[in-house]
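Presented sequentially are two complexes of subunit A, the first with subunit B as partner and the second with subunit C.
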Partner chain A sequence: MLSTDLRANVLVVRVEEKRIDASKAPSFKDEMARCIDAGQNQIVLDLSQVDFIDSSGLGALVSCLKRLGPRGSLAVAGATGAVSRLFTLTRMDRVFALHPNVDSAVEQLSA
Partner chain B sequence: MKIRHILLILTAFLGAALLVAVALQIRDELLEYQTAERMVASNTVRERLLLGTEALASERSQTYVLLIGQRNESNGIMELRDVRRQVDDQLNAAERAITVTQASLRNTSSSLTTLSRIRQEIGTLRQQADGSLGLNGGVGGQEFAPRWFQEATRLVEELQSSRMTILQRERPLDPVLRTESNLRAYGAILSESIARNQALMSRALGRPSVVGGLEIDAVSRNAGRAGLAWELIDGQMAVPLSESVKEAISTTHEYYSSTFAPLQRSLLAALLGKVPPALGPEEWYDLTGRALSNIALMQRELLRSSRERIEAELTRARRSLVLWSVLLLLGAAAVLASILVVRRRVVRPLESLSQAMLRLADNDLDIDLPRRPRADEIGEMNDALRVFKANAIQRQRTQNEKQVLHARLREAYGQLQKDLEAAAVIQRTMLPPSSRVDGVAFHGLFRPSSLIAGDTYNVVRRNDGAVGFFQVDVAGHGAAAALVSVACHHALSQAILTRTQGTPLEEIAVQINEEWPEDLPYFTMILGEIDSRSQRASIIQAGHPSPLVIRADGAVEMIGEGGFPVGMLPAASYERLEFDLGPGDRLFIYSDGLVEAEDQAGEQFSEDRLRALVREAAAEPSSVLLDRLDDVLRNWRGSETLDDDLSVLMLERLAERIPANAVH
Partner chain C sequence: MVSSISLSIDSDLDKVSLLARAVRALCEDLLSPEDQDAVELSLVEAINNVIKHGYHGERGKDVQVAVGLQADLVVIEVIDHAPPMPAQVLDKAPEDTFAFDETDLADIPEGGMGLALIRMNMDEVEYHSNEAENRLRMVKRIGSSASGG
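Now for the complex of A and B:
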């Protein structure tokens, strides 16, 4: 469900699903955990394909952030519509660095 | 018809065809053997008769010359005894041969009768001859001689004819044998002609002056017959005869034509011309005797050749018969063996395999399959059947295990369902029924996605007159979320009740958030308070959808912009949002399951539709509004089920309970 691409030492993880809900959240969490455990500190999560994230999906996102800890940063790119609103509603826009697109996120992280 | 029948019938049919073919051949061989046997018998009898006839002719001549007194009696009688014994010996031998071969030859009794009659007549004739010779007294030799000659000649002819009768009955098919028997017949004519002339000419030469025309006629007729016999013999020479036979014939012929025939012609000419002949009777007699013995040699050579041929044929027929009989036995054994092999190696195994297959098809797994290892197709079929059987047993075992497992699962599921149903009842009893508390009326809508929900709400009246309330939505749904929701329900209810006056509302959220165990799912909530004395209300929005305020005049507002969920980040901070809530104003709090409910096409119900609906039904009492919302949602979903828990809590500040002086 994820595709990865290393750009300027930043791992761009693209979610190839329209939804991250209770059925997808566990595998999303596992795959992200593998990326993080592999030693990636700078990660951009590309959510441009995602239309909807439910409470389980949000929990999975936050658990990734916790796993990454203070040593790295997880930026979110391409969040729009319901996803963007969810970030605002739950104040996650203050926790994750949100970017309109992957390029600006990568630029920011690699700086 | 089954394969085993076809196999057995085919094998038996082929075997029977083979045996019949061989049996027919054996029958032919047997017939040939019998024919050869008959030929041997017939040949033996004829050989004896031929030699007997020759001897009788010789006896005739000797007796004749004695009777006419041309021979020294004492010597002549000695020789006569010898020749008589030869005649008797040969005829005895012929009689014995006929008796011995009675089984294989036809009409032997008539031949025996003829032969014994001839012997009797010879005996009678001999007695008369002896009498005439003065041995027993009686008529004189000269008178008896012609009669002797006549009678003896008749007997010789009878012997010849009885020999020819036997030959006629068993004519050989082999051309060489036929030719040889023809040659013997002509040889016999030749021999008889010469033998007659031996006697007749002797008499004529003894007294040439008184020889009558009739006597000369008889002699020349015999000479002519001998010439004719030679012509007949020459006519047979085209056939491939054996070299020894050809040689015997040509030697005899040579002697006859170079010596005997010219002499006989000159003697005849002398007799006719009344000229004294060049030869005396005794010399003639001896000369003729030599010619006769030449012919006898030729005849013996012919007899020997025929006998060898016939015996060779008999041996061949016997060998052939034995060979075919052995073939028949071998064939029968092969047929029997192939039937046994087909039965043992094909038919029986096929039968037991087909039985086993039928029983296996009937799910009978107790069948025994033979363990004999075989490398042929039947062995392969047997191996495959073993695999089928093993698979079937495995399948049955798996099936049984599955059934047991299924039963257990059903039981466990039933138990779980019962537990969940009980839990659902308890969860519902935790929710406050629609009611009013200190001027605040409230109504709830609660629809779990399964039996129990991660949503919960409560309205609590504080001692100081304030009305506290909350709605919680635990992340996820199902039993885990439900348990967490119960914990939240308790914690929040207690927190509202025990909060000391003056402590800000957000402190509750901060405290719970800080103390929330990290491994429990987080939750979103609206925690609020309505002051019964003022017209104010305040809420903490923790990641929960922004509530709506339905004003008494029907206006609909959305309040709050969001906030951190509880239990997600320990360091989160919360803000209190204060707003007016006048008489008749209503607060509409809902969990995200409401706006995220999807229709069949996957479209969410959305905040916009919710607001439109609420605006439209703003004039309706809360219970009616909730019922309508419930109906609309069911229609939206197109089914009774939900993907996420859904709950709504509506609170209304009642107008009449508001003190009149408080209204400005």
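Now for the complex of A and C:
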């Protein structure tokens, strides 16, 4: 469900599903864990293809953040509509740096 | 004008999105896109809770959803035959769930957010339980964008 692209030292992970819900959250978490365990610690998560995230999906994002630990960064790019509102409603917009697009997120992380 | 429809799925997380999209489509003419998002998310959270916590992930159990469309409100009921939700879950204030310390990784929640999200997204939420069934009743008023409480 993920495709990846390494830009400078930043791994851009694009979610190729429209929904990250309770049925998809476990495989999302597993695929992200593989990226993190392979040593990537500057990650941009591209959510531009995603139009729905539930609390299980959001919990999976938080678990990635915890797996990265304080040494890493996980930025979110391209969240719109219901997805972007979910971050605000749950105050997770304070936890994840939200960027309008991948370019600005990569720029921020590689600076 | 009142119309109502009942839908049901097997207790399988893979089937939740199908039902949620069907209910969203039913509300399309009545609710703004933001309110459709609120209803879809609340319904998904309610059904996920039933499947994950009520039926402990076991498939082959029944999850029913009744949708009532009225002139001024949309009523969604999720009916199950699992053990009821414990009182301490229901008593927790939704705002407490998201009052975490964002500077402390360990304090950021990975779960337990579903019911809080339902309460923040719907105008009324009631839970009734008897020997026959559990019934979560959620109401979205048409034209109200207010939420919380």
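Criterion: the second predicted complex is superposed on the first by the 111 of 111 C-alpha atoms of A that agree within 3 Å, B and C clash if a C-alpha of one lies under 4 Å from a C-alpha of the other, contacts with A are read in each partner's own complex, and residues count from 1 in each chain.
Going forward, a residue touches a chain if its C-beta (ideal position, glycine included) is under 8 Å from a C-beta of that chain, and two chains touch if they have at least 3 such contacts.
Remember, it's a predicted structure, so these values are computed and weren't measured experimentally.
Chemist: Classify the contacts of A:88 with the two partner chains as first (subunit B alone), second (subunit C alone), both, or neither.
Modeler: First partner only.
Chemist: Looking at A:62 after the superposition, I want to know if it touches subunit B, subunit C, both of them or none. Which is it: first, second, both, neither?
Modeler: both
Chemist: May I ask you to name which of subunit B and subunit C touches more residues of subunit A?
Modeler: Of subunit B and subunit C, C contacts more residues of subunit A.
Chemist: Is A:14 touching the first partner subunit B, the second partner subunit C, both, or neither of them?
Modeler: So A:14 meets neither subunit B nor subunit C here.
Chemist: Under the stated touch criterion, which partner chain does A:54 make contact with: subunit B (first), subunit C (second), both, or neither?
Modeler: In the superposition, A:54 touches subunit B and subunit C alike.
Chemist: Kindly classify A:22 by the partners it touches after superposition: subunit B alone (first), subunit C alone (second), both, or neither?
Modeler: Both partners, subunit B and subunit C.
Chemist: Contact-wise, after the overlay, does A:70 reach subunit B, subunit C, both or neither (first, second, both, neither)?
Modeler: The answer is second: A:70 touches subunit C but not subunit B.
Chemist: Common interface residues of subunit A with subunit B and subunit C?
Modeler: On subunit A, the residues that contact subunit B in one structure and subunit C in the other are 22, 52, 54-56, 58-59, 62, 82, 89-91, 95.
Chemist: Can you list the subunit C residues touching subunit A in their complex?
Modeler: Spelled out, the residues of subunit C in touch with subunit A are 13-14, 16-17, 33-34, 37, 40-41, 44-45, 48, 51-52, 98, 100, 102, 105-106, 108-111, 113-114, 117, 120-121.
Chemist: Give every residue of subunit A touching subunit B within the complex, in rising order.
Modeler: 22, 52, 54-56, 58-59, 62, 82, 88-91, 95
Chemist: Given the complex with subunit C, which residues does subunit A contribute to the contact?
Modeler: 19, 21-23, 52, 54-56, 58-60, 62-63, 65-66, 69-70, 81-82, 85-86, 89-92, 94-95
Chemist: Help me check something: in the complex, which residues belonging to subunit B touch subunit A?
Modeler: The touching residues are 473, 475-477, 521-522, 524, 543-546, 561-565, 568-569, 572, 592, 596, 604, 644.
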